[in-house]
Amino acid sequence: MDYKDYENLINKLLEQKSKTNDEKEKEAIDNEVKRMMMFAGENLTAWDRVYIARHKDRPKAYDYIKKLFPDFIELHGDRYFGDDNAIVTGLATFHDMPVTIIAQAKGKTTEENIIRNFGMANPEGYRKAIRIAKQAEKFNRPIITFVDTSGAYPGKGAEERGQAEAIAECLFEFSTLKTVVICVVIGEGGSGGALALSIGDKIIMLENAIYSILSPEGFASILWKDETRAKEASERMKLTSFDLKNLGIVDEIIKEPLGGAQYDFEDLIKRLDRSIYNSISELEKVRMNTLINRRYEKYRKIGAYE
Amino acid sequence: MQDLFNKRKAKIDSFNKSRKKKEFVPKEIPEYMFRNCPHCNFSISYREWIDELYVCSRCGYHLRISANERIRQICDRDTYYEIDAKVTTVNEHDFEGYDEKLDIAQRSTGLSEAVVCGVGRINGIKAVVCAMDSNFMMGSMGGVVGEKITKSIEYATSRRLPIIIATASGGARMQEGIISLMQMAKTSAALKRHSDKGLLYMTLITDPTTGGVSASYAMLGDIIIAEPNALIGFAGKRVIEKTVNETLPPQFQRSEFMLEKGFIDLIVERRDLKSTITKLLILHGVK
Amino acid sequence: MQDLFNKRKAKIDSFNKSRKKKEFVPKEIPEYMFRNCPHCNFSISYREWIDELYVCSRCGYHLRISANERIRQICDRDTYYEIDAKVTTVNEHDFEGYDEKLDIAQRSTGLSEAVVCGVGRINGIKAVVCAMDSNFMMGSMGGVVGEKITKSIEYATSRRLPIIIATASGGARMQEGIISLMQMAKTSAALKRHSDKGLLYMTLITDPTTGGVSASYAMLGDIIIAEPNALIGFAGKRVIEKTVNETLPPQFQRSEFMLEKGFIDLIVERRDLKSTITKLLILHGVK
Amino acid sequence: MDYKDYENLINKLLEQKSKTNDEKEKEAIDNEVKRMMMFAGENLTAWDRVYIARHKDRPKAYDYIKKLFPDFIELHGDRYFGDDNAIVTGLATFHDMPVTIIAQAKGKTTEENIIRNFGMANPEGYRKAIRIAKQAEKFNRPIITFVDTSGAYPGKGAEERGQAEAIAECLFEFSTLKTVVICVVIGEGGSGGALALSIGDKIIMLENAIYSILSPEGFASILWKDETRAKEASERMKLTSFDLKNLGIVDEIIKEPLGGAQYDFEDLIKRLDRSIYNSISELEKVRMNTLINRRYEKYRKIGAYE
């Protein structure tokens, strides 16, 4: 049984509860829900995490921004072609320190998702990210990125305006950006579109976030010509936070409440806040050259063979 | 495990030894004396294919060529030597069927991986030259490809040499998952260091260059050359068509189209490639 | 000739003296007690116009305001002082009718030129602040405007201060011809030096900002703020319509449109302007 | 009588000559033509020069490139949006030295002008110029620009893609470009669109080229609401090479053959070649900091008042 099935069951139970007046039944339902949450939440498969990472109720970048950076000022535009709403950039103070935020912003409602193109950026989104990152470098502001996208937008205009070039330029520029860069994978981290905003000195990943070369559906479709084998693919793709920590790609995992980030967002935010703060404090002590060299080595050693 | 590794190593060693002798026997020679042009269907003798650098003498169609043939066409005779040729996977890949696929690719191409990296001279000018081979698992980039490319870039950086990479890739090596994805970051970071030293990087984009290779080193050249009619793009045509729900024109994502869109510096026919690269090297102060 | 110069200098001196006293009497006060909103036609008392910073309390329309009013709205009371206020034309402009036009502009605005430049404090933070005045020959940029802007930028560079320029300009000062054009180069070059020192430059684009000013310092801000519905563009609407032979939508070249097109960082209403600028200064490490 | 009228007369005389067999008449016509050429060519008004600068037979950027840089390799694209044919960029060797060329390229035929948008660049043209200029800086190549445009293209798309920003960025970047920049005004130098490629260490102007804040027609239309007063405007605009030399904006004038560059192009090229070569040789000796400071001062002092 997948986590999704438990969720359905729980929802049904909760509906049942809302219809009854019998206090005993209510209590029984509560206990059952708790038990199921515990059981399901503690035995999550990779596929369950894919489901949770994409959950519509899962907090999105804007939720994190609102909580972590209440004085956030959004800055728009790439100064070439447009302002991409799939990537949100801006400035804020964080523990009395100016910081730059670059976030892949999925929406929570259909309307918002249409505006945000379901979090799939066009080249102008990546170019905005580079522009804002270079300003962070100029003004010595740490950068915090939030990664949450199924991938870069595979649209016609995106290709015409150089999706490949824009992503490559992100990888190129962030690799030597002379300021501390913290990346937080909060939901889906899919393909080059996610990688473009994942070049940093510290990669933090939420427990139930996923990060992979492409979606399990795409993976199954390419390798097995069968999109429906996505579940099977997810189990082999090493896309969970634990897999990525083992591979040395992720530096720190932030534990989530049972069922996912939305179940106790305040607590999660508190721990994430501390983690980001500690990371910046620690990294700001490192000499800039050392920082850039370490960043290089971090990526350099992945897939290094004798 | 170690056995497997030794076995593969031995195979590659023996291949490397044998290659020296075979260097000027292009392996594209087909079994039959004639091979039709896949574009205009004109029947051309294989002697002519070789002489014409695998370009159709009737319609100008550029056949896909192997990494070694590419290097032969660009570098001066007997000047090219591989660097870190023996880099190969030491980890067991636990992805089902991958080892077999690798094995087949290695046997059929005679290569250890989808890229050949080395140093050669181009009309006397020393340069690092890497060439990808689309016959090797569609030129997909896994850890070894990323590592070889990165080592070549680092070699060029430390010796202050220009580097030329001929790309041909369907994208990431799916079987290696996230390791494959990370090669985009690794190669791009190495190129940034090379560039910051004021050194020249040229890409030669050949058919096809898509996915992770296009979104990393293919698009980072100081000069980006493309062969005529090469497919260049991030997303695959079918994915795009599905996304936007329309049929794309045949020239979409082709060299000529991408030049118009501002992403290609120049399109060069194969017969002019070596001389153009030479001129460009000189124009960038490389001697 | 020298007479004319002395006359003008005297006039400006006396104006500068007189201004100190008048500083907090906004000169926008109309002769009548009420002035209708030019957008929604709502009748608003001038007291309310002043209190609302010349923004219509009904529809939010932002009236064009003078340079001095702009500075009053941005800078802390009694902190602003002009730098190089007396820069004015020493050459005789031989363009027919220009002297008269200048004279009328000076009399009607009480300004010596289309820009006021100085240093002030914004919630205690020191910054160079320049404000253009569209009432002065449409805020056109001639040699004096270019010179005053450049001097202000250089002042900021040498004292490591941030600079904020509020633009309002129809473009180049035609009567000064090529001298006017060259001010684009001069101001941009001064900003490059300021930027290379790691200093902050913010533009506040107000209605209208077109032509040579838009194609130089208006578009070079690290941060580009625009007032709502301000016209921002290089070419004039009529010229474009004539060129492309179509009617442009009303929102064309307006702040909101240009934000969508990627050229404006943020649109800020006048009532939030000072606090936003303050926050942005702090976020750029200015104290 | 304008130069244009003389040209018409001369053309009529030449037509007459082609129809006669009388050697004496032919000689008489030749003499008359010569006399008229001399007279007209030596008494050019500003308006005559506007006519000559825009003449369809006047050599265009490509003519100069072909003659001065026979091994020119064209490089395309801004790497953001497109390749603008109104601005041609590339590399060549010039007296055995690698150089970068950035040229505003009008066409000579209607077909070519349609491709080249009559030499009026879009933002992507200016962005291509910046990209190519930064590469010249990286590889220490002198830059030679050719200026010949009535102005930046006042199109809808041009505005949407930031014509103002693109021009401003040119002025900004060229002002501190760490390589020698030589600008050659060969035809029309109109408005910010021309200025964008005129930021350099030495400004060379052909005798009959013009350089102005905008076209005389535009000038008359803005100031007097009467486009037909263009001729009158041109006389007041100080747009000739001599005016600009007096104003200290142009450093050197290259004399043209009688009637304009096309009448003895080979000779003109020879002198232009020498002038560019001498300028580069001289400027390459200057320390980079001094060069950049001098470039700054060059523009700094224009319109400086006490």
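Some observations on this one:
Order as written gives the chain letters A, B, C and D; numbering starts at 1 within each chain.
Heads up, the rule we're going with is that a residue touches a chain if its C-beta (ideal position, glycine included) is under 8 Å from a C-beta of that chain, and two chains touch if they have at least 3 such contacts.
Bear in mind that the values here come from a model prediction, so they are computed numbers and not experimental data.
The minimal number of chain-to-chain contact steps leading from chain B to chain C is 2. Traced through touching neighbours, the fewest hops from chain A to chain C number 1. The chain pair with the larger count of C-beta pairs in contact, out of B-D and A-B, is A-B.
With centres taken as mean Cα positions, chain D sits 43 Å from chain B. The centroid of the Cα atoms in chain C and the matching centroid in chain D are 33 Å apart. In terms of their C-alpha centroids, the spacing between chain A and chain D amounts to 52 Å. The set of chain C residues that touch two or more partner chains comprises 195, 261-263.
Residue positions 79-81, 161-162, 165 of chain D each touch two or more of the other chains.
Working note: touching chain pairs come out as A-B, A-C, A-D, B-D, C-D. By the touch rule above, chain D contacts chain B in their complex via residues 71, 73-83, 91-93, 98, 124, 128, 135, 138-141. Only residues 87-91, 95-96, 142-144, 146-147, 150, 172, 174-186, 188-193, 195-196, 211-212, 214-220, 232-236, 239-240, 243-244, 246, 248, 252-253, 261-263 of chain C touch chain D when the two sit together in their complex. Against chain C, the residues of chain D that register as touching in their complex are 152-156, 158-165, 167-169, 171-173, 175-176, 191-192, 195, 198-199, 211-214, 219, 222-223, 236-239, 243-244, 247, 249, 295-296, 299-300, 302-306. Taken in their complex, chain A has these residues touching chain D: 79-81, 123, 127, 161-162, 165. The touching residues of chain B, counted against chain D in their complex, run 195, 198, 200, 222-223, 259-266, 276, 279-280, 282-285.
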